[in-house]
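Below, subunit A partners subunit B and then partners subunit C, in two separate complexes.
Entry: the complex of A and B
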């Protein structure tokens, strides 16, 4: 177990190294934050800024010095906003977390309920409905779904959530009611998208388990169906669902770019878009390191959960 | 939606049931003659095993299972109609009144709602939205198909070479695959499209370069187990070259996962392209795609032209839904465990 974790940590470290190198060098090649000064009246302005940002050095040497300071925990300052990138990311994470945490909890409950229902009532009208709905859920562009929700709930039906029609982000709000109003639609988009996937997953794993011998013996012992499904079968069927949840938790930290953009939420997605537009190398690289770390960490968590819940799995 | 995960529940090697080309058409298939099957023999000591009907080929079984999947069949019909409509838009435009030439503006007309003359209405510039959708559909469908083709070719080639030859080529190719898997695809896409511009073929190449890894891993593991089978040994004894063996004997046995992965790639490509368009990294004018039309339509919120938001999204939804259903049908059809 310990060896497994250590090996994974070494591997994760390599992953982060590659990801940061590609991002840092990539953004430096693709975008020049000083280009906008080319038309400046002061011909020295651009050269001064280049020196200031260290752009006069070759990109490899810049990456190496970035790496050296990142190794000490100093990820530098954003070129665009001048603040420490760590502060900017922490602030953005706050908004993203407001979206992700309620979304995840609701999605987990719904996916469990729908998956269980569809599995025990396989081929019923309800099962077909949820199957169809989840196919639609995974087949639509999520930002289109967000746009449609806004069109319906903000413009067609009298603005029931009191959202700003121009979607200037006002803030998360202070009272529970405010937060509910601002977060309802974005959380909806997130929930629909992940429930569509997770519920199918849970249905499949329950259906996989229901024909097992131990389920049949449980029935034979006269245990009511409810108990058999919710206790005996769920215990084993839950493992794949939990593993998927852990993996998705990692992906979603940086995966809400489009949803956040539609609802003008100043979270991680916004930071990404702005850093990319500006050519803000330290900001973008730190963003990638953070989101990639989340993916790597939650993958590790998924493996550990899997091993803990399923004795057949050995970590090696 | 991660690409890797969907592969996990695809027919694995044991589920695929080795499709042994040398024995193709041989009657003694366990699927057919299983002792507990409804029309199988009663006991194991029955004299010569009586099989109902004529021997059935794998292809026959596959076809039969697929045709049972009604949604998949309907989806194929819808998809073919969509493709014909979009790619035939040029012809339709010449011979029918309801399709306008691409980008023809009618500023005096301005925006009007859906009607008999303009099925999906017109936009601010008076362009017929139905016609524009057909022209944009060409780009979207083409991106889906080209990306699926390219990523399937890359993934299959790399997976087959790595799996068949093993050793150092396996190591090298699999580390390359890992490297691509590790790259945050969003960053790579955005950087590449920012650098090369939003030309359609650039988008296709970049997407294809990011979608082949899952398939390469599956093909590799399938090839590794298939190459140990007797019929491969027989082919090698018969003097077939490695290339012949891979193409003629090994890959036909991996067709299931390959085809299913191709449908997934179509879906991913169309959805990712639309999201990129929304973020401003999609196809650039004058080229249009459903994604770029959708992204342009976001200005129509809460105005009388809000109907313009619906159509491009619905087109993407219907297309992707059809491809997903077809993929589902194929997955079932390639799975010998599924009932006949």
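Entry: the complex of A and C
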């Protein structure tokens, strides 16, 4: 196990190195952060900024300098915002976490419940309903769904009852107490999107396992259906769901670009878009390193959980 | 006796008018807080640093907290510079032997910690901009030789011998303001100001700036002018235009200032109840079809002239902004706010006239081919029209123009590019034939030499940093354009500017299109003199706003 983890960490280091080089050099080649000064009435403004940012040096040299600093834990300062890149990312991560953690927990519970129900009640009216709803959830554009939710919960329902809208949708509120009314709608968007996907995985996984010999044996020994499903079948059926959840968790660390945009949440997705538009190489590279690290780490976690849930899996 | 009665009547009417004018502001109730939707967040609040230049940053936090020598005031539809309450009156300007300006500082003017605002602050501001590193714009300040701060109440600014700076009223204000030397001297200015600052010499103080979320302003209790009536103003950053309108309709924000994009115009046309709005074409913007005069086919003046007659600009403007009541094309490279200085009819002759297109091109040796496209020496009259990607309004504009040019026998293809690529590479390197973008004035001063003087055509001589991207080269216009930047006499400046605009129009160097209207929407619960100032933004007099009881 330890050898497996160490080998994965070495591979991961190489992946991060390549990802950071591709991102830094790529963004440096295609975007010019001084372009915004092109219409400045002071014709020397761009030249001054190029010198200030060190853009007069070759891109490889700049990347090597960045890498040397990053190796010491200093990811530099954002060219756009002049703040520490790490501070900006940590701040953005905080907002993304407010959205993602409740969304993930709710989605996991719902996906488990819906997937289990659909599997044990295969081809029932409820199964058809959840199957249809899943397809709608997967195929529905997040932007559109977010606006529909706003329309329903902020305008239609309050107007029907002659009330002021309770739910808000710009930011996440000033106090912890405000969070529910600000986060309800964006969390709903996230939950619907991922429940649709996860519940399908869990349903398919359970359906694969239910005809197994050991499940039939359990039924033959007179074990109640609830126990068979929840204790015997679920343990193995959870493996693919846990793996997909771990992979999604890694990806979601990078933020939810559309949801954060519509609900004005200054999370990781917004940081990415702003850095990309500006050509902020230090910011974008650190973002890629962080999200790639998260994907790698969560994949590793998925493998370890997989091994723990399924004794047939051996990590080597 | 009769005359005494007349005088008394006149005085009475005058008093009534004064009372009427002042009553509105004084009747605005104090207290309450306001939330305003902000489309953009500034990158930093170090206003003189290269991270500056954000319009929203200037409107929200600069104009409200930084003292300045001059304000750009709006009187109805006209704008003018007027000395701010920081000064005791109009500064003294001496034009020879060297340009010298003496600012007399109001003894009541203090920073929010009670320290008087003095000439030392003028000197510190100039020194930082002229000698500091990573400065956004040194124009004007780099021509100043010294600032004498011997008398705390008088700042004497002397320019370098042989230089004259006509736009001097934009100094110690503009996008910068005046910085407090007693706080910043000896400190790293950028480090102190970048994430927001606690000092203020304006009616408001920055209470907090939560990055990505909001900026909160509170009244400056030490402000010597009209103190704010509201207890707090919060600017919430709203990243998406559709959400911005939804938030405004839901009352989550009480005012918005959206860009005139297609969806914004549609939302306004769809109707929003219970709101006040001001839609103004009297803006600081000019959107134009900028032509590369050095690239074929527009290196032929006949083609530029034909392009001017090929397009029904009023129809384009009506299609874009007719829903806002803006239906007429703009006819100058100076924006509408600079009307006092410019010739607003310079391009009025550019109206759709296909017969003229035909006669101009035929006279220049062009002939229509069997495909209906003009051609000369085996080369068709075709060109690429570049503009910024991801802008629905510009895409619509380009498609409308494409149809009109096709009707006139000109083949136009559309190429959209990321703003950074367009402004950072393609335009400066002359890699375009025609492009659509806007120029935005930031001061109340004319001056087009940067854009049209031949010495500013990007070349090795100017380290390729020249901004005459249209490669305009009109020898007769050069001295006039230069005079606009240096003439201290406003009348001479205006005359030179109008004459240069006439020459630019006669050369069809580019074709102005529209003034990009400004849209300000605010809730009816806001009381007070809410109005948009095209140069200082919509929040310039927010200290006079209140909430209706």
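One rule holds for everything that comes next: the second predicted complex is superposed on the first by the 295 of 316 C-alpha atoms of A that agree within 3 Å, B and C clash if a C-alpha of one lies under 4 Å from a C-alpha of the other, contacts with A are read in each partner's own complex, and residues count from 1 in each chain.
We adopt the following convention: contacts are C-beta pairs under 8 Å (C-beta built on N, C-alpha and C of every residue); 3 or more make two chains touch, one makes a residue touch a chain.
The structure displayed is predicted, hence computed values, not measured ones.
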{"item": "Subunit B versus subunit C as contact partner of A:150, first or second or both or neither", "value": "both"}
{"item": "Subunit B versus subunit C as contact partner of A:63, first or second or both or neither", "value": "neither"}
{"item": "Which superposed partner A:264 touches (first subunit B, second subunit C, both, neither)", "value": "second"}
{"item": "Partner chain(s) touched by A:204 [first = subunit B, second = subunit C, both, neither]", "value": "first"}
{"item": "First, second, both or neither for A:251, with subunit B first and subunit C second", "value": "first"}
{"item": "Subunit B versus subunit C as contact partner of A:75, first or second or both or neither", "value": "neither"}
{"item": "Which superposed partner A:47 touches (first subunit B, second subunit C, both, neither)", "value": "second"}
{"item": "First (subunit B), second (subunit C), both or neither touched by A:140", "value": "first"}
{"item": "Which of subunit B and subunit C A:112 touches, first, second, both or neither", "value": "neither"}
{"item": "Contact residues of subunit A, present in both the subunit B and the subunit C interface", "value": "30-31, 147, 150-151, 154-155, 165, 261-262"}
{"item": "Complex contact set, residues of subunit C against subunit A", "value": "37, 43-44, 46, 49-51, 53, 133-139, 190, 194-195, 211-214, 236-240, 242-243, 246-247, 249-253, 418-421, 423-425, 427-428, 439-440, 442, 447, 450, 456, 462-463, 465-467"}
{"item": "Subunit A to subunit C touching residues, read off their complex", "value": "30-49, 52, 80-83, 88, 91-92, 95, 147, 150-151, 154-155, 164-165, 168-172, 260-264, 266, 270, 277-279"}
{"item": "Subunit A to subunit B touching residues, read off their complex", "value": "15, 18-19, 22-23, 26-27, 29-31, 135-136, 138-145, 147-148, 150-151, 154-156, 165, 197, 204, 244, 247, 251, 254-255, 257-258, 261-262, 272-273, 276, 284, 288, 291-292"}
{"item": "Residues of subunit B that touch subunit A when the two form their complex", "value": "1-2, 5, 9, 179, 182-184, 186-188, 190-191, 194-195, 267, 271, 274-275, 278-279, 291, 294, 298, 301-302, 306, 309-310, 312-313, 316-317, 320-321, 324-325"}
